[in-house]
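Read the structure below first, then the notes.
Which chain is which? They are A, B, C and D, in the order written, and residues in each are numbered from 1.
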């Protein structure tokens, strides 16, 4: 470890994590590039775990933010009314909701993904008067107690220190080979001897990020929505990681043609990487009492400013088309990669710019991401056993930067597999 | 309602709250002043519920923030190492911890008060292997499920939609007339037939903000610390609202001479009102595994920048002295007020610049804060029945602004009591 | 209602249940016959819900009980040592355990099925240090809170008035058409992102009585046992209803060749219908502290006396052979019945003398049992929707009595289907 | 250990408990005398932990039971109607309820104390729609999960292996020196920031048996009843140990003049030591659906027979008067004893024939009961630390037998204190 990193070892808690995978001190960033204090440059295929879909320090948002700060615009307002908030509400409604015929009320919980999930679970329980929630295998929804209870990862769950309650886990799409997840869930719901009560809600991600880049089919989502309707269950879609363009459309569930009752948004919603979250609620179930769920930073005006500016990207279809272009390129590369390197025992997963390769060999994905870092690429792993290396470039990445990143991946795979073979 | 406020009614969830108490659109703020889009000026005795102890848009912090943004410093870093974070860690250690002989590891959970509380509860349960936690009557710790379980307010608790578990509530200092809280707690702990298990932790605020501006005596805190030591219970102090100078010292528990095992910080820690939180942990119990508790916005570099700049206020004792000066002035005013207006049935509460008056007449506090708003003062209520009007000026407020605010309070009391009397 | 039944309506709680299905006052019983106070005779195909496998008032047991009472033998002894208990322990070991190479310690919990289940769950959690338990769809284990949490029926579960916790329900054998229960369970266990923790125990019935007379295959039981071994999970078999000869062997799981870690027994264990229960525990996990689970009536000496006498039935293989003979006769009858009465939409279920017919038409099973009662046969329904009429004759029933009962069933089916058809 | 006791060590679970305190094999009993297989005679001051208030093998009940068995009366009937049950219902109503102006519906849960408590808790939650229950320090209500959750003893609670939920423990009468339990509870109820929700019910014993022979004052019970009324909370009195004449009246709460909403009865209700329980329910809240709480042995006709015969004791006031006579004699003796043996550091506790002496010296009570056993007296300890030796003679004991027992106690105290002193 270099001398200047000792400050983290000495002063920061052992819980620190990414600093162990990327042991250097970052200073400056722009678009898809990051620089450290040694002058090294990195291509970013991590994008703040999905919080930087528009890349780092976007110039348009930056200018708006600087102007706002210089004008002494109100910074912190809880849920008082502010001009910045009014502008965001209006822009979000005009640019995002109305063109999609979506009629939702917008709630600002505390500015993180786990807070929006907590608000959604509370609301669903309040509205239905039921206590149970159905979550899905390998779902990831956050680290506070309510969100953690619907998260699948056992190491994370054990961190609670208490049994997690009021949740039944059901199989995600394609979870058990040759067995239909839908038939299974339906049987449990229709049989009142199943031991699983009709829940307040089901909560799901359309593509599971932390859980291993598992993409549910559109057909499965439609069937889940139908099940929810048939049994009076609220459907919560957690768009924290898969939303905001990551899979090609603003909401990841758009191509499936479903209409969730509650939508959880955070990460890239602020556009600039600032803490921000929103819970979208069908008007019929907008039934919280004033202040029934609150939070000090639910009015982060800097985020209102950058989030409003970010919505300019969605005034036309250019970004969506661009994502599809980049996604195809990435997918082609990965499909080719797993064929050319059979020792990977690789399985390509994902949708849009949310892809990854599940490696059949233990620890291989971690070795590949470590090697990639050495070669100048920031990329992380996913899955309950860290078995997937995960490609999360910014949606705004250039073809050239994407190409550089993909080449580093290939080189990393090659070098790691060489070493692996020598070890045997 | 004015036309321009309809955007909030039409688009924002019913859960919105402060906008109902302060029905105007804020645009610009500076220090202890706020302006709305009609050109009205307000004195701020609310301070973002404690998130703006240094006032709005502090010039020193603002300049540092602008410089950082302009330099394209990394904005979002999760828990990777960044220069901004290194500077904050170093400054916090040098300016705050070392001079107080405090040896703590610093954890960055998600950037809100409820997230630091959740991290503290999880850690305490993990370290002790116990499941139960002791909370206190009228404690307030947040809205996510774990933090909510240690929060006393029944309306907030019912919002969970499920029974809240693994917590026993014990009486705060002076909770039952003429009965010792300490004797009570000790009896429950020493009797293994009490039905209350030795808990993982006790969690408390030194002055309860939301709970009604109840200030525990230093003696009580010392006895609680002694109880915790005797029974091997971890002591968590939630400094989210009472910390960062609000009661005159950086940590509110300093004058009590206690050393908590875990300290929860947020609100004014970033200085500028940006979302930020930290959990301070005694090194011996810094036992989370890497990533065992995480969160996307645990590395908010804008907040690192402003928080570091804010620490400059603590390089000498001037701010503490200033708080004491302002606190005395406020306290004198309030003591005088309740004498001169006996119909208030007022009881002065609090410590430092965290004070309030509990009114014996139903709804009176709400009427007084509403009247104050009309007269140009932002002030909120606290307590389980909103029975307290709460004075939370910035620590940096001028004598003149403080005086103006206090005069508005007196005028509001006078006008409300007149109306009340006429009604009878 | 007859005048003499008003006492029940006036004085007994609304919770009373079977008295509504069989609205008469029973006075005398013998073997498979019951008489009411009007002088009517009934054939008993109910057998006290499995508590009277040897029929009513068996002469041999009766004589032993009378002798004991007349001798002023100790009646109530908690878990002090008594001669009657020593005799039972010895007989149970010699006649039941040793010949089957079963090495178990015997625990006497409170004298009911739900109490033995509670003791088993507590022990499994204590021994493994884990909190979760896997139960199965349509399992029934009792009405106290722990046993209820592993019971599937939603109406029973809702009776708790609180969410039932620390349990995951898995699919019983053949639960979802064409989907393997075993593959499903295994996938959840091996995937540490499944959201289902490795449990302390699995608890199951080999044939689900209340749940609808669902008989698991021996192959399934073996695979469950193998899963438990592989993952260090304790296997609890609840023999309360299926045990004590009901399916042809003393323990219902014997033909499957499995060795549970804990076995729950009650109902017919006392032989004479007296309250009694036992928990059999593998010696390695016999780890309760003295008195850690207790109960006032855990020493019911009258039951020790009759239970010891009942074991005489198991000194040779005659009863087992007799059950098989009767079971074949019953099965042949039912298979024939569903063919001859296709309007039943009947499906024959069960094993040994634990059989029933699931009717595809709503409410039909209830109508058939009601008609059978009119015609002199006591029989109940089972299943989450009462869709099964359930044949539970005594193992000691004569061929003639069995024949009479079966004829009444056929007549009842015929009459009910006639009426049904007329209604349409 | 004698040879003949090895059967228990070899075959019975380690959970066995009283057999360790009284290591001999009992054979015959009558009234207040017990005999073992060595021919030793013992005076019984234990009375089956309260299940044998009328002594062992009462001749009147015995004759009725023998007659019933010989007549082939129905033994096991679940909740079908039987003649024996009709007679019990009528007798209980005529002899017990009507003369006391008590209007209750009678429910027969499974035949043990813990089962009646479980039924009471479920009913209270169902009727009120609330989830929480208030229990009291050192309460003891049973070992199944629901009953255990309202039991105070930490060793018993830990046996659950999971956190016990939905219960708040409040201080019993005189729990904390010089602090009013009532003021404390009232403060928690009236303050909606207390963290303790208005519960479905409070559950209490009038004299805590297992908890250390703590007798609540009549005044306290009245105040608790008033609190319950004021807040719409159901009052459950657990009469399992203190009821059926133990303190001088049939119901222990009669002299306090209170009317519980639900009354839990078991132990001595059958009179003869047979498993039996009843839940008495105010008609207005008799709201279980048929079969919503059930149990195989809820119709124990042998117990109906003996319980009906036992009620003959209550046709006049003789037994009550006799209890008072014996109680006075016992109390005088104990008061005198603690004065004459100050080294006991003894505190006399209890009411009626439910008394004991709390010893200030660790382990002393256990030594005294062990010595008493050697000298021919069966007596147990109580309290969370086994600090109380507990006198529980039959209500039917003769003056001579009582005197013999008391003398053995004195002798035991004397001998133990001698040894203690020598040790020092």
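The rule we apply is simple: a residue touches a chain if its C-beta (ideal position, glycine included) is under 8 Å from a C-beta of that chain, and two chains touch if they have at least 3 such contacts.
The structure presented is a predicted model; accordingly, all values stated were derived computationally and were not measured.
Asks: Work out which of B-D, A-B or A-D repeats the contact pattern of C-D, with more than half of the residue-numbered contact pairs in common.
Replies: A-B
Asks: In terms of C-beta pairs in contact, which of A-C and B-C ranks higher?
Replies: Ranking A-C and B-C by C-beta contacts puts A-C first.
Asks: Taking each chain's centre as the mean of its CA atoms, which one is farthest from the centre of subunit D?
Replies: Farthest chain from subunit D, going by C-alpha centroids: A.
Asks: Cα centroid separation between subunit A and subunit B, in whole Å?
Replies: 30
Asks: What whole-number Å value describes the gap between the mean CA coordinates of subunit A and subunit C?
Replies: Subunit A and subunit C have C-alpha centres separated by 49 Å.
Asks: From the C-alpha centre of subunit B to that of subunit C, how far is it in Å?
Replies: 58
Asks: Pull out every residue in subunit A that's touching 2 or more other chains.
Replies: In subunit A, the residues touching two or more other chains are 131, 155, 162-163, 165-166.
Asks: Given the complex with subunit C, which residues does subunit D contribute to the contact?
Replies: For this pair, the touching residues of subunit D are 4-5, 7-8, 11-20, 22-30, 34, 37, 48-52, 56-57, 62, 65-66, 69-83, 85-86, 89-90, 92-93, 105-115, 118-119, 121-122, 124-126, 131, 142-147, 149, 155-156, 159-162, 165-166, 200, 240, 266-267, 272-275, 279, 281, 286-297, 300, 302.
Asks: Can you list the residues on subunit D that touch subunit B in the complex?
Replies: Subunit D residues touching subunit B: 131-132, 135-139, 150-155, 157-158, 163, 165-169, 171, 175-177, 179-180, 183-184, 187-188, 191-197, 211-212, 383-385.
Asks: Taking the complex as given, what residues does subunit A use to touch subunit D?
Replies: My answer: residues 162-163.
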